[in-house]
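Following are the structures in question.
Two complexes, one shared chain (subunit A), two partners (subunit B, subunit C).
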Partner chain A sequence: MLRFLFRRLIVALLVAATVMTLAFVLTRLSGDLAISIAGPNATAADIEAVRKAYGLDRPVLTQFFDWVGRAVTGDLGNSYFFQTRVSTLIAERMPVTLTLGLTGLSLALLISIPMGILAAVRENTNFDRAVQMVALIGQAMPSFWLGLLLMIIFGLTLGWLPISGTGSWEHFVMPGIVLSFSAVPALTRLTRAGMIQAMSSDYIRTARAKGLSRASILLKHALRNAAIPVVAIAAVQLGFMLGGSIVIEQVFALHGVGFLAWESIAKNDFPVVQAVVLVLAVIYVALTMVSDLLNAVLDPRLRA
Partner chain B sequence: MSAAITVNAGPRRGWKSAGTWIGAVIVGLALFCAIFAPLIVPHDPFAQDLNRRLLVPFWMEGHNPDFILGTDQLGRDYLSRLIWGCRISMLIGVTVTIVSGVIGITIGVLGGFFGGRIDDAVLFAITTRLSIPVVLVALAVVGLLGTSMTLLVLTLGLLLWDRFAVVARSTSMQVRNLDFVAAAWCAGCSRFRVLSREVLPNIASHLVVVATLEIALAILLEATLSFLGLGVPPPLPSWGLMIAEAKDYMFFSPWVIVIPGVALFVLVLGINLLGDGLRDAFGTRSRS
Partner chain C sequence: MSALLEVEKLEVGFGGSTSAVRGASLTVERGETHCLVGESGCGKSVTALAVMNLLARGGHRTAQRLSFQGEDLLKLDDRGMARLRGNAMAMIFQEPMTSLNPAYTIGSQMTEVMRRHKKVSQRVAIDRAADLLGRVGITAPGLRLGQFPHQLSGGLRQRVMIAMALMCEPQLLIADEPTTALDVTVQAQILRLLAQLQRDLGLGLLLITHDLGIVARVAHRVSVMYAGEVVESAATAQLFADPRHPYTQGLLRCVPVPGKQRQDEPLGSIPGTVPRIGPGFEGCGFRDRCTFADATCAHTVPHQTAAPGHDYLCRLAP
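Then we have the complex of A and B:
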């Protein structure tokens, strides 16, 4: 177990290092950063001044190791536009993105676990087919479009929910629903498959033979085993959701990390862009480790 | 497989194949629109006319019969832009899938077939790729380098190879130990020949299924990036861009975002239905 964790940690660190390199290369793709920062009307002297001010006159490798060295200690540099530390900016915006991500994940689990269980219990009935259809529809729904439709229906026509901003919990209802749509198909299918497999296993036959009630068999015996991969994948899904929330934050004007990244891309604010890519990747890697750990903790068979 | 499942397979198959047919019809129609767009558009999709802005579609009071789906905020025929947008969606979906397929299948087959160190490297590449937030990185690349179709296709292609790699790796791992591969080795075939003539054809059905699903994903992502203003450059009529441009009018005339959105949704649903049908037809159940 310890050996397994250690190996996973090494891989996670290597992934983080690779993403760091990629994030750095990414922002250097456009060629000369100084020209982009200085803007279209800058003179040669302006560009030279920018180059000096941001340390872009140094060799690329020096810049890279300087950035890596600072990032490891949590210093992600300064934003060109906001004139503050990038780490402060991200820390300020993170609560909104996390709230959105957790709302989306909770809604997704609330929808997909019951649907998956019922579909498994009624395998090959019309209900099962309907659930699979819902999963297909969820997969095909463009999230930004669903967001706009909800805004028209619940925001404008019915007037139930606010259409943009982050003032209250109500602001997170529509974005949360939209975000949950991306995870419902996978989680529903996983719950359904897990339940079908569990229901055909020996311990369920034993439980039936003992004369336990149907509810007890389903929820206590089958679901416990079927839920293991679902819980584990939920952690990974949260990682995808945090990365994908950029679209929804933009649609609903939620000022989270995704919105920050989008603004920064438009403003050529490279330190922020590369930092957000790095932070989201590190969170994802951490969540996959949590997922592996959950798997091991919940399923004693994997602890060997 | 237990007997109970086989007994119940009859009606299920029927329902499934209905879905597959619906998917095939949708995809067929989309392909037709994509290929023949210049011939079938009723109007020039780029021609602006400010005298006929935001004409309503046919199901609403006071529509103009010349413009079945109405016109957009610049007076461009919505139906023509929708058909042209289909061409762009399909073009991007297919080309992105070709790029990502070549990358993903190559590294997946190499890892699965040779195993060992090579496979470790392949697994690491897949793990790294999955940790990168696709939409954000695609936005950043396009934002830094400027919007163009070629750049968009290359960026998405370089980002979306993970599923190809995962499936190619696991299936070629199974094929590697089969007798006909051993026979090919014994007959003195080169590595390249074994891979291209023995392994690849035997995992092709799985890869076709992945390819359909990837086309759908690429189309959705293109629409998302175009919606955020960093995808297909205007005035090209991408469905995502149409929704973005119409967003300011959606509270007064909701149909301006409903029409391109429904088109996008139906196309992606159709491709997914077809993909699921192909998966069943080939007997390649998804690994759960």
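Then we have the complex of A and C:
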């Protein structure tokens, strides 16, 4: 188990290093940073001044290692636009994104696990087909469009929910639903497939031969085994949601990390862009490790 | 007093195209070991699953009579049947490797069945589980209770299955080829164990097997199944000494008997294969492979008695 964890940790560090390199390279590829920072009316002298001030005149490799060296110690540099430390900016915005992501994931699990179980129990009935159809539609629907649709119906027409901002829990309902929609199809299908497989297994026949109640057979014996891949994927999905909330934070004007990333890209505030990419990647890698750990906790065969 | 288990004219079909069991009848008395023999696909396991009402999806059973301790099982709903299963009637299976839930400990799976059927505390259930594990020959029961199925060998898992089946002191234990998946040495151990438990606890044991060696050693009574029917049923000694159905005779010729058989004499075999039988099939299912078959075998198969307690399905005179 410890060796397994150690190996996972090494892989995680390698992924983080790769992401850092990519984030750095991609921001440089987007054009001459000094020109975009200086603005459209800048003279050649202004641009040169900017280049000097931000250290962009140094060799690229020096810039890279300088950035990496600081990032490893937690110093992500200063934002050009906000004139504050990037780490402070991200820390301020993170709670909104985390709340949104966790809301989305909870909703997704609350919807997809019962739907998956019911679809499996009623395999090949109309209910099962309806669930699969809904899952398919959910997967095919772009999240910004669903967001706008909900806004029009529940925000403008019915007036039940606020359409933008982060003032209260109600603000997170619609974005949470929209975000959960990205995970519901996969989680539902995974639950359904896992349950169908579990229900036809020998140990379920044993559970029935023991005269256990239907609830115990379904929830204790079958779901426990069917849930192993679902939980693992759910942890990874949370990573997707945190990264993928950029669009939704935009649509619902939630000032989270995604919104920050969008703002910074628009303003060429590349230390922030690099940092957001790095932070999200590290969270994603950490969640993948959590997923492996959960797997080991749920499946005793992996614990040996 | 009625017999422990009475099955009369049991029919099992899967979706209409095949008949897995066609009018099989058998009776298990209290405290007797009854062996159900026949080749693969003859409907032995399906008969057992139908008795327990554990048929896979799409399976449908009908019978003239299906009673356990005088209680009509056909009239019981799912809930009523669940009250009996694991309690008064228990079953163990052919696949010890996959029959235990990989996610729960042995102890949790064993106590669960007792807590479901008897009003006992977890403490009492654990003690009973440990006691039974010792009884089925597992050393260090306390350690095993905390282990997961993957930490146990196949033989140990089958012992756990047996112990788990005995948790609620059943009257009837159905064992569906419990040794097929095990090593030969372990097979003998498990069989000896089952025979001993049957004697000690006065169990009614319905043992499904295709191994006539097992039958000769442990059975009080034997029913021979062929293509979904019980074609012959008799006390073990009687059946081995005086088989009446051509299929039983063929089956017995396929088993080498040390001393009786000469080295150069070829072992018997039954020509042909088991027919696929759909609904509406008439006559004897064995007629295509039978050397005694004539035109009448395509229509009627009389039920005859050779001696008290020795019945068979064939036109041949007793």
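The definition used in the following text is that the second predicted complex is superposed on the first by the 302 of 304 C-alpha atoms of A that agree within 3 Å, B and C clash if a C-alpha of one lies under 4 Å from a C-alpha of the other, contacts with A are read in each partner's own complex, and residues count from 1 in each chain.
Methods note: contacts are C-beta pairs under 8 Å (C-beta built on N, C-alpha and C of every residue); 3 or more make two chains touch, one makes a residue touch a chain.
Only a predicted model underlies this, so the values are computations on that prediction, with no experimental measurement involved.
A.B. asks: Here subunit A is shared; do subunit B and subunit C fit on it together or clash?
C.D. replies: Overlaying the two complexes on subunit A (C-alpha atoms) leaves subunit C and subunit B fitting together cleanly.
A.B. asks: Any idea whether subunit B or subunit C touches more of subunit A?
C.D. replies: B
A.B. asks: With the two structures laid over each other on chain A, which partner does A:Pro162 touch: subunit B (first), subunit C (second), both, or neither?
C.D. replies: neither
A.B. asks: Is A:Gln139 in contact with subunit B, with subunit C, with both, or with neither (first, second, both, neither)?
C.D. replies: first
A.B. asks: May I ask you to decide whether A:Pro271 touches subunit B, subunit C, both, or neither, giving the answer as first, second, both or neither?
C.D. replies: It touches nothing on subunit B or subunit C.
A.B. asks: With the two complexes superposed on chain A, say which partner A:Asn225 touches: subunit B (first), subunit C (second), both, or neither.
C.D. replies: Once the two structures are laid over each other on A, A:Asn225 reaches subunit C alone.
A.B. asks: Using only CA atoms and the superposition described at the top, report the least gap between subunit B and subunit C in Å.
C.D. replies: Subunit B and subunit C, overlaid via chain A, are at closest 6 Å apart by C-alpha.
A.B. asks: After overlaying the two complexes on chain A, where does the subunit B footprint on subunit A coincide with the subunit C footprint?
C.D. replies: Subunit A residues touching both partners: 200.
A.B. asks: Spell out the residues on subunit A that touch subunit C in their complex, using ranges where they run on.
C.D. replies: Touch residues, subunit A against subunit C: 200-203, 205-214, 216, 221, 224-225, 298-301, 304.
A.B. asks: List the residues on subunit A that touch subunit B in their complex, please.
C.D. replies: Interface residues on the subunit A side: 11, 14-15, 18-19, 22, 26-27, 29-30, 36, 123-124, 129, 136-137, 139-145, 148-149, 151-152, 156, 189-190, 193-194, 200, 239, 242-244, 246-247, 250, 258, 261-262, 265-266, 268, 273, 276-277, 280-281, 284-285, 288.
A.B. asks: Which residues, counting only subunit C, touch subunit A once they are in their complex?
C.D. replies: Against subunit A, the touching part of subunit C is residues 52, 54, 56, 78, 81-87, 90-91, 93, 95, 98-104, 112-113, 116-117, 148, 150-151, 161, 164.
A.B. asks: Under the touch definition given earlier, write down the residues of subunit B that touch subunit A in their complex.
C.D. replies: Against subunit A, the touching part of subunit B is residues 2, 5, 8, 11-12, 15, 124, 127-128, 130-137, 139-141, 143-145, 216, 220, 223-224, 227-228, 230, 240, 243, 247, 250-251, 254, 257-258, 261, 264-265, 268-269, 272-273, 276, 288.
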